Amino acid sequence: MKKLETKNRSWREIIHEVIYEADTPEGKLFDIALLALILMSIILVMLESVKEVDDKYHETLYAFEWGVTILFSIEYVLRVISIKKPTKYIFSFYGLIDLLSTLPMYLSAIFIGSHSLVALRALRLLRVFRILKLSRFVGESNQLMKALNASKAKIGVFLYFVLIVCVILGTIMYLIEGADNGFTSIPRSIYWSIVTLTTVGYGDIAPQTPLGQFIASITVIIGYAIIAIPTGIVSSEMTKGKVNLNTQSCPNCGYEGHKDNAEFCYHCGSKLNM
Amino acid sequence: MKKLETKNRSWREIIHEVIYEADTPEGKLFDIALLALILMSIILVMLESVKEVDDKYHETLYAFEWGVTILFSIEYVLRVISIKKPTKYIFSFYGLIDLLSTLPMYLSAIFIGSHSLVALRALRLLRVFRILKLSRFVGESNQLMKALNASKAKIGVFLYFVLIVCVILGTIMYLIEGADNGFTSIPRSIYWSIVTLTTVGYGDIAPQTPLGQFIASITVIIGYAIIAIPTGIVSSEMTKGKVNLNTQSCPNCGYEGHKDNAEFCYHCGSKLNM
Amino acid sequence: MKKLETKNRSWREIIHEVIYEADTPEGKLFDIALLALILMSIILVMLESVKEVDDKYHETLYAFEWGVTILFSIEYVLRVISIKKPTKYIFSFYGLIDLLSTLPMYLSAIFIGSHSLVALRALRLLRVFRILKLSRFVGESNQLMKALNASKAKIGVFLYFVLIVCVILGTIMYLIEGADNGFTSIPRSIYWSIVTLTTVGYGDIAPQTPLGQFIASITVIIGYAIIAIPTGIVSSEMTKGKVNLNTQSCPNCGYEGHKDNAEFCYHCGSKLNM
Amino acid sequence: MKKLETKNRSWREIIHEVIYEADTPEGKLFDIALLALILMSIILVMLESVKEVDDKYHETLYAFEWGVTILFSIEYVLRVISIKKPTKYIFSFYGLIDLLSTLPMYLSAIFIGSHSLVALRALRLLRVFRILKLSRFVGESNQLMKALNASKAKIGVFLYFVLIVCVILGTIMYLIEGADNGFTSIPRSIYWSIVTLTTVGYGDIAPQTPLGQFIASITVIIGYAIIAIPTGIVSSEMTKGKVNLNTQSCPNCGYEGHKDNAEFCYHCGSKLNM
């Protein structure tokens, strides 16, 4: 923590320090207020969707929603004007999220004549994306991201094979069970096989014939066993990062088995060339 | 096991040895009796909630409940008076649990005039917390706790992202399916998305429209695949503890994670004291 | 494979070689015939339970059942008389299973006067245990068993904590939802919490109140996340067995990091003291 | 990428380069067109199964289906004539898949008199196997396949034990619950136990009696805990491949699993050629 310097600084610099940094007490206070505002706005969106609450408190919720929108708009404007290259913020991930957090209300005020239910409901969706503003407050999980990034090719291949198995098993069930038992089309049967293979198992569609139940048993066992594959992929990537010793040898003593980020040899203390 | 010394010791010391330690035959016998009493009291609470049993045996169960409460009260008093600093026990985890195990019955006797159903039911809940007294008998699983402790930050980030995904997918389904198909509000739709992503899948709410079933298929596949992440986190922490690196830190730079047989710090090259 | 010696051997030794060993062609043939008989007998038990099949083919199934029982009885007698210490077989795991495979039919023939439905159904259950005779044909999975054995203490602690969480969450839901919503007693609510925490999620009991659905969301997230714990325990035990290098150092060159079963030093080739 | 040589080459060689290789722009274009055609044909099969779509667009879909079939036939013929040994392609995995992708339509044209519903539905299934043609476009995941191959014996043993547990638990539930509660036969009860142990939990069959719900609780806990076993098996195989041991075998004793930097065999002490 450091003291917020106000002398010899333009208001632009001061605002930038408070909004973009969290080193000063003022900056930290801004972050806490912003966090509270985001959480409150998400709860607002949820409450508005509950019929009993909306019937009683519609005007109150509407007023609060405008209050939140105006505050987010002020935050957006402050962010734009206190940064050297505004476009760098406006087109960044957070810039777009912040814009989506404020536009819907203004749009609904402009288009209020249409009373389109779908449009109103779509606007509600956009406001939920405000929850992504919270990501600012989560520290970067570097090793976690690195392991996921290294796994993604193998997980992609895995998901491809899962899809193929689901399409084929779904079509087999469509043939065996038929429309009378809920398997009304191949896409719907594939929906069943995906829900089953992933061990979710709603039960909204379930096989009725003995042969269908036999195929379903095979499907659930496949789904149960192959969870091991993505888990093994991610586990081995993460363990490698923690445990593995690369094949570099120390120029001085020749020892191998140094850590990935090691700078000195664990055996003789000499510097390693990285 | 050792013999319980009774010569030259105050009754306070003897009681302390029997209750708090399990080295002597008397101490072990006390522990077994306490374990049996705890298990019996929990079964009592469960039986009282089953209407058929309560109708037949209400007075018997009530009598047993008082018996158990009085025995737990005696145990509580003995623990308080046989320890040097009573407050250290009273405000500890086990002290609070033991208090919660005895208070409800006395409270229900005092407030019996109200006949409040909710209060009676809440008192039943408090008695169930007696099950936590069993934790005394479980040895500490040191390595397990250490691995969980090291993982908790990453698992926190993981859960945060799971929540965000659930909120967004839940709101999307609320828009697509609507109240007629069970998705009556955004909170209820988020309940659906959490139940689905975790592969539980009650089926009490399930998508009816083709587009909704398509989004649901994506949701279940995401849930199925990302189980790998917390598993990878915990597995790599536990494997690291088993396979490779000890907890010694370099006296010079403080870095940990050296190999078991390392003589020099891989980070700064200083010699490690083994 | 070796030739079955018949010269200079008692019939007892020959039978022992054919039944207990699988080195000779006769021994292997016996094993295959036994495997086929076991599979057929299990399918028989299953078919007898299907009403449509039993109505049509009751006498045929009954005849086959007697055939199977007589063959298993012959096998049992041969095993007993061809081994030096009969009691060693009779009271072993396989001896008891083999006895259970033949007794039920004889018992049902003796007790046929009672026509007790429960007894008949219980006898069917005993015959299903024949499936354990198949274990003879599965090779021992040494490393798998070793890893599971090493993990069992930690998995026991894990299951203990899962049970505690289920009891507490189940009781909370019993208070919140109540009998009207399916949570008719604490044991039944604990059944719900176990089914939910393990991500099975039948949906036969599901929370109806908003607060109940909120607690349920927490339950499913806990269940989803803590799958990582037993997986991490078992994974690290198995990986340790494959990867880990013990701390033994070579008496000749001092190198460490040898495999658990290594007999020679990987660095200088000298013999290691095990 | 290289330029497609047309000078001094027979049309057979040119076609072979375009179809079987993807080095030239023409070859890559062919692959992209083929991928699009496969995806379109699968969507066609799915659309034909949806009653509402088929009622409206039956002729259009039928025309498209013929177009796709003719194009796949042309591809099949080109593949056969542009390869030196046609039988090597015709009887390969992809050759059989490609044949299955075209035959059904011709067969349905020939057998159109029968109007057999089952036959028509079976023909639809065969066309879904076209999805396996996509495998051409997925790179080989060598390490993933190697780890799975090494795990398969242990996973086989695991699945065998899962089946035994399911048969026994299913039969127990059949005895306890009986036909009135949905458990109409032992096979159907085994279907329930498989669906439950794999944590899918449709809820189409669920225990009603307290004892049955207790046995079900044990079943789900077993299923929840033993997910750790296949996961541990696959994880340790993948981690082993990443962390430690290479595939070199000792020239003297043939043992594998030496460390990356090992100079001598840990089993027999002989020198390894690196």
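For reference, chains read A, B, C and D in written order, and residue numbers begin at 1 within each chain.
Just so it is clear, a residue touches a chain if its C-beta (ideal position, glycine included) is under 8 Å from a C-beta of that chain, and two chains touch if they have at least 3 such contacts.
Heads up on the chains, UniProt names are A, B, C, D = Ion transporter.
Only a predicted model underlies this, so the values are computations on that prediction, with no experimental measurement involved.
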| item | value |
| --- | --- |
| If a chain touches chain A (Ion transporter) and chain D (Ion transporter) alike, it appears here | B, C |
| Listed chain pair B-D, A-C or A-D that repeats interface C-D [over half of contact pairs the same by residue number] | A-D |
| Chain A (Ion transporter)-chain C (Ion transporter) separation of Cα centroids, rounded to whole Å | 41 |
| Gap in Å, rounded to a whole number, between the CA centres of chain B (Ion transporter) and chain A (Ion transporter) | 28 |
| Junction residues of chain A (Ion transporter) - those touching two or more other chains | 158, 187, 190, 199-203, 223, 227, 231, 233, 235, 237, 239, 243, 245, 257 |
| Contact footprint of chain C (Ion transporter) on chain A (Ion transporter) as seen in their complex | 199-203, 231, 235, 239, 243, 257 |
| Chain C (Ion transporter) partner contacts - residues on chain D (Ion transporter) that touch it in the complex | 153-154, 157-158, 160, 164, 167-168, 171-172, 174-175, 179, 184-187, 190, 196, 199-203, 206, 210, 213-214, 216-217, 220-221, 223-225, 227-229, 231-233, 235-237, 239-240, 243-245, 257-259, 261-271 |
| For the chain D (Ion transporter) and chain A (Ion transporter) complex, residues of the former touching the latter | 42, 45-46, 49-51, 121-122, 124-125, 128-129, 131-132, 134-135, 138-139, 141, 144, 147-148, 151, 155, 158-159, 162, 187-188, 190-191, 194-195, 197-204, 223, 227, 230-231, 233-235, 237-239, 241-243, 260-261 |
